[in-house]
Amino acid sequence: MPPETSSPAPAVVRADGRTPQQLRPISITRGWSSQAEGSALIEFGNTRVLCTASFTAGVPRWLKGEGRGWVTAEYAMLPRATNTRSDRESVKGKIGGRTHEISRLIGRSLRSIIDTKALGENTIVLDCDVLQADGGTRTAAITGAYVALVDSIRWAKANKIIDHRAKVLTDSVAAVSVGIIDGIPMLDLPYIEDVRAETDMNVVVTGSGTFVEVQGTAEGAPFDRDELNRLLDLAVSGTAELAQIQRETLGNDD
Amino acid sequence: MPPETSSPAPAVVRADGRTPQQLRPISITRGWSSQAEGSALIEFGNTRVLCTASFTAGVPRWLKGEGRGWVTAEYAMLPRATNTRSDRESVKGKIGGRTHEISRLIGRSLRSIIDTKALGENTIVLDCDVLQADGGTRTAAITGAYVALVDSIRWAKANKIIDHRAKVLTDSVAAVSVGIIDGIPMLDLPYIEDVRAETDMNVVVTGSGTFVEVQGTAEGAPFDRDELNRLLDLAVSGTAELAQIQRETLGNDD
Amino acid sequence: MPPETSSPAPAVVRADGRTPQQLRPISITRGWSSQAEGSALIEFGNTRVLCTASFTAGVPRWLKGEGRGWVTAEYAMLPRATNTRSDRESVKGKIGGRTHEISRLIGRSLRSIIDTKALGENTIVLDCDVLQADGGTRTAAITGAYVALVDSIRWAKANKIIDHRAKVLTDSVAAVSVGIIDGIPMLDLPYIEDVRAETDMNVVVTGSGTFVEVQGTAEGAPFDRDELNRLLDLAVSGTAELAQIQRETLGNDD
Amino acid sequence: MPPETSSPAPAVVRADGRTPQQLRPISITRGWSSQAEGSALIEFGNTRVLCTASFTAGVPRWLKGEGRGWVTAEYAMLPRATNTRSDRESVKGKIGGRTHEISRLIGRSLRSIIDTKALGENTIVLDCDVLQADGGTRTAAITGAYVALVDSIRWAKANKIIDHRAKVLTDSVAAVSVGIIDGIPMLDLPYIEDVRAETDMNVVVTGSGTFVEVQGTAEGAPFDRDELNRLLDLAVSGTAELAQIQRETLGNDD
Amino acid sequence: MPPETSSPAPAVVRADGRTPQQLRPISITRGWSSQAEGSALIEFGNTRVLCTASFTAGVPRWLKGEGRGWVTAEYAMLPRATNTRSDRESVKGKIGGRTHEISRLIGRSLRSIIDTKALGENTIVLDCDVLQADGGTRTAAITGAYVALVDSIRWAKANKIIDHRAKVLTDSVAAVSVGIIDGIPMLDLPYIEDVRAETDMNVVVTGSGTFVEVQGTAEGAPFDRDELNRLLDLAVSGTAELAQIQRETLGNDD
Amino acid sequence: MPPETSSPAPAVVRADGRTPQQLRPISITRGWSSQAEGSALIEFGNTRVLCTASFTAGVPRWLKGEGRGWVTAEYAMLPRATNTRSDRESVKGKIGGRTHEISRLIGRSLRSIIDTKALGENTIVLDCDVLQADGGTRTAAITGAYVALVDSIRWAKANKIIDHRAKVLTDSVAAVSVGIIDGIPMLDLPYIEDVRAETDMNVVVTGSGTFVEVQGTAEGAPFDRDELNRLLDLAVSGTAELAQIQRETLGNDD
């Protein structure tokens, strides 16, 4: 009659009431900006990122004449996006390593689902500005930038800058953070969980479920192969859910 | 013999349907940011500025020990706030003259209605980030920063950092742009009017109707004393209306 | 026996012996530099600014092919122009907000009296370097830069770069500071008055008496309409006197 | 008649004669620099990185009084380490994103095997300067920096700055790159393979076989879970070999 | 009737009428600036340098507590000091190599005749700003900076910051340029000679005739020992003349 | 009874066992880098400098169309080349005066023995990176850069970029430091002697014994003409020895 064996481990409940496998409430406001060719205000819980896509004819000098387009990204955070104010990078006169690293990650992630030949000699710059930060800003940025990117391509087609039959997008892309906290793998970490995580991983996954980036870091003790596998499982299911939200947001008007 | 019907000046109607004496639709969303001690998302038509107030104990080194507080401001624009994308100042590694000039204007404007003795040795930094720009960004920033400032002082009183009876604020402050277009003085110029204005003036006025800043610039032909006077009249009435909106937004909970 | 006429207010005498309506001794040494196309060492009392005008064929890239010229200005201060030494902006690696703001003001002021079509595709750069500072450096810079500008245009005509009949200058321009000290409006403030002024205003006026810039700032208490008007009266009379000195300095050799 | 033996896949031979599972020739010259507390010139084939460890008493201001030490790293490349010359970052006046990113990776990797409490309030700075680059510079840097780090700790113990019984190191650490080229997972990519890789992964592994960092990037097509697993297998065996070389280089003199 | 004595080599006359052994007209206006503790406007022909000495109590952090003072120098050129305008170093955001090199030379030259123990823990900063450049700016700067330096020390003694009997100065110092043009060694080169010189040398000499700096550079063909000796002879006689002018300028009021 | 022969001055022996007239052990490893067109790792005792020559077709914009080539140099030091670590100039965001000064010296020295007409419109950039510093780094850099330069020209001839009969080199060039320590002139100073030297001189001499640069600085007391002469004698004999080593290193394969 040992109840311990018959009753499963008590369900883990996170500070915000989620189960370990649950995303935070996700909201994508498409077209938040009236100035950009594509834009989205994306929210992962309290994390809010404004993503704009600027579509311009022409490519950087080093790419001229190759018949291919260019997609790049810049990530930044407002000084009071976080709980305490940070100095502006424009005031400091230089961009920090973290900012550089994330900008590069976003750019690579979006280029991975673009056919630059089909884009033609055009450039899309994705600006991801964090208005409010509560963990997972880079993954929200990638997920939201995809929506802005799609809209900017639709704009270019509507304005006959790109042929409307061109298959510029080869897939969709979304990203999520996962981490191990007190030994339990958890999905989509807010700031308070992020700082406690022993291992922290950001995973960028296409709509068809293949990997674009896997970045796992042992914050405390190194992690083993089994932990890695459980985190990847969680990330794949979380990004599948995000891909579904992206599809619903964007509709079928291609 | 009704004089009205015989020779009225035909009513001037602006591109957006306003009369020359009318403000654009004004919206202030108080507490837009959950991270800052005070915040407001302010909209003057399509111009949207996120204003946050960061309240911290202590003052800069050069002010220590004088028993007075410090209020300062930083203004910036997202790269795609405007119709075409601008390079980030953080990427360029330096802040442009226009940014500097506006940051200084906002700082001076808010310091003019603060009793720094009553504030005590505390610092309030106002960040005004333009999310979308359509003319009048500096005047929207000043008007919104005032709301964020008031909330940060209420926060400091609620948290007993400042005595709840301290009279930190000596008045309210708001700002508006005025200009002469085709010879007609107009209030609160959107971008398309701003570029056409012969004379452009930004006026910062207290709630009690006195001037904090008067900055008039002849963009085309120099202006005369009479034009100056008509612009000032318009600015005084516009800022009175803004002061009323600020009062309604902030309520009486002091 | 009306007392008003028999007992006038006692005359106010300033620290340097001037009446409130008096300029400091003004000196303009035309052609101080033998290298530049136009130059003037201007002195407003102890304030000394070296103004040079560099005339070059061609315009910046963004203006090419429009048949118009370009006039711009750079203001700077020697590190020991002031009573205590300041770090050089070249050593700090960035230009301060104040420097930027004043450079922009000087450029706008001089462009306001130039017909850029008549100038043709030529550029004039005005460098205003403060060798000694005692208040009013920006107003001295504008007043002196006008003299250097005129001489550089005469040089261009003499060298047949511009047609000698071209009307490049539409007017003259001069500037002066005014302020309220102990309730009394005063003209052309030296440093010791400037720091005490409740309201400080820089006014840029053409030779024909119209306004190019009006920049009034409440340093202490906000100012009212009446004070504004009295300051403007003072500025208009001061700049009229400066315009007369400019005319005498430049002679009639156009 | 065993079919397995009769038709093996034809052995893949790489341009430099290696099998896919083979490291390049590895050489570690310990103590190459006579100035630093620890140093190693490490070679992965033609890639040559000079790693120095600078041990100093004290920690950065933000860590003072916590009884813990600090380990950080800076990575850089000589301008002509590569086949064509790059501009120096010191001349450009700013550090590129790639440099920042790699410096941060090296620092995190080495901190993962340090007990900062046992290190005491001391700082170790690891400088990894690439003298010649042929792919895998960041992994060579981590592997060589570990050797320099160990020697700097031995130096500190020999000089009685750290107690000789303190267990500062909790493990060893090494890194290697892996990638998929023409569908085949390969270990330790030189430059010509690196540019052709469809997927590129840098893996940092401890001496006991657990992961510190896993950074996989799809350069071309996204990769699937099976490919990820095969790359991880290869990386784990490669870093085990590197750990063995580190042990032989460092000997048992702890 | 020996022909050798009756027909001397025809005297060489330089473009400005000088003999090869002659200095340009030298002028030193002591106390040109009313703000600095010491100042001199020095002219070597058309070269004009404003030298100011800023005397402040205290020394840089790295020198504290050693009972010694510090003397340093900064050299700069106004943008239109030269025949064509140069960009400002403050606008470019960095100081050029030439500026750095000359600042360091001036600093070393003046430190060579200062007894830093006698100066006490005080700092003297020498700012040498070239207002007009026509060759020899660094030598004029050193020669003029000496005058400013002496006056700042006299000021410190008069203000009892330094004991009036302290022997802070161990000697005087002056500098001159020499060069070989068309095979003839010449003293104090203006710009048009400087660009033609095959060898160019700047020599810094004390009042007692010993060397502080000898910087000879072959601009065209390398030079031999005999040429070096003739240049040094010329420099020694030129600096002796400058030392005499310095003495006359400064008088005996120590 | 000739006293001269019976009592010679006791032989001076330096800390490292050398006589005052002796160079440190010199080693030049030609072709140390497999990436550059020419390279040499040069050692003057413990001073180690890696010199690479990057040969590229074309010249900077300002030299285009003149039929002449360009040779320039950049000098830098690894952060831990010295006994205590220095901050990287790339991290500080600016290049120090010393670095600038030495880069310019190396560039001038190598240009002095190049016929830029014979070089044609090609550019050679010499990078001299100090891997380990123990005095005399600039003189080792010049001496080693010459070897890299020669090899890059041979490479250009072998690759038919320059005609194989072109006489690009007009001479060889080498450099050495000399100084007076305790009154005794000494050759090739290591760091511990350098800091003690009363006078410090760097001399750049061609293979045929003429001077390219003479840079003498009084670190302590100024020096007289006799000391200058003795230092020059020593430098000429030291550089003759270095020129012989360069010849042996380079062989006769031109």
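All chains are identified by letter, namely A, B, C, D, E and F, in their written order; residue positions are counted from 1 within each chain.
The working rule: a contact is a pair of C-beta atoms (placed from the backbone, for glycine too) under 8 Å apart; a residue touches a chain by one contact, two chains touch by 3 or more.
Here is each chain with its UniProt name: A, B, C, D, E, F = Ribonuclease PH.
If you're wondering where the values come from, they're calculated on a predicted model, not measured in any experiment.
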Touching both subunit D (Ribonuclease PH) and subunit E (Ribonuclease PH) we find F
Label-sorted list of chains bordering both subunit B (Ribonuclease PH) and subunit E (Ribonuclease PH) is C
Taking each chain's centre as the mean of its CA atoms, the one lying farthest from the centre of subunit D (Ribonuclease PH) is chain C
Among C-E, D-F or B-C, the pair repeating the A-D interface (over half the contact pairs identical) is B-C
Farthest CA centroid from subunit E (Ribonuclease PH): chain A
Dist(centroid_CA(subunit A (Ribonuclease PH)), centroid_CA(subunit B (Ribonuclease PH))) in Å evaluates to 34
Note: subunit E (Ribonuclease PH) sits from subunit A (Ribonuclease PH) at a C-alpha centroid distance in Å of 61
When centres are defined as mean Cα positions, the distance from subunit E (Ribonuclease PH) to subunit F (Ribonuclease PH) in whole Å is 28
Going by residue number, subunit C (Ribonuclease PH) touches two or more other chains at 93-95
Listed round the ring from subunit A (Ribonuclease PH), going first to subunit D (Ribonuclease PH), the chains are A, D, F, E, C, B
Per the touch rule above, subunit C (Ribonuclease PH) residues touching subunit B (Ribonuclease PH) in the complex are 94-98, 100-101, 103-104, 108, 112, 171, 201, 206, 208, 210-218, 221-225, 228, 232
Note: in the complex, subunit A (Ribonuclease PH) contacts subunit B (Ribonuclease PH) through residues 33-36, 39, 46, 50, 52, 54, 56, 74, 76, 78-85, 88-95, 99, 125, 127, 129, 131-133
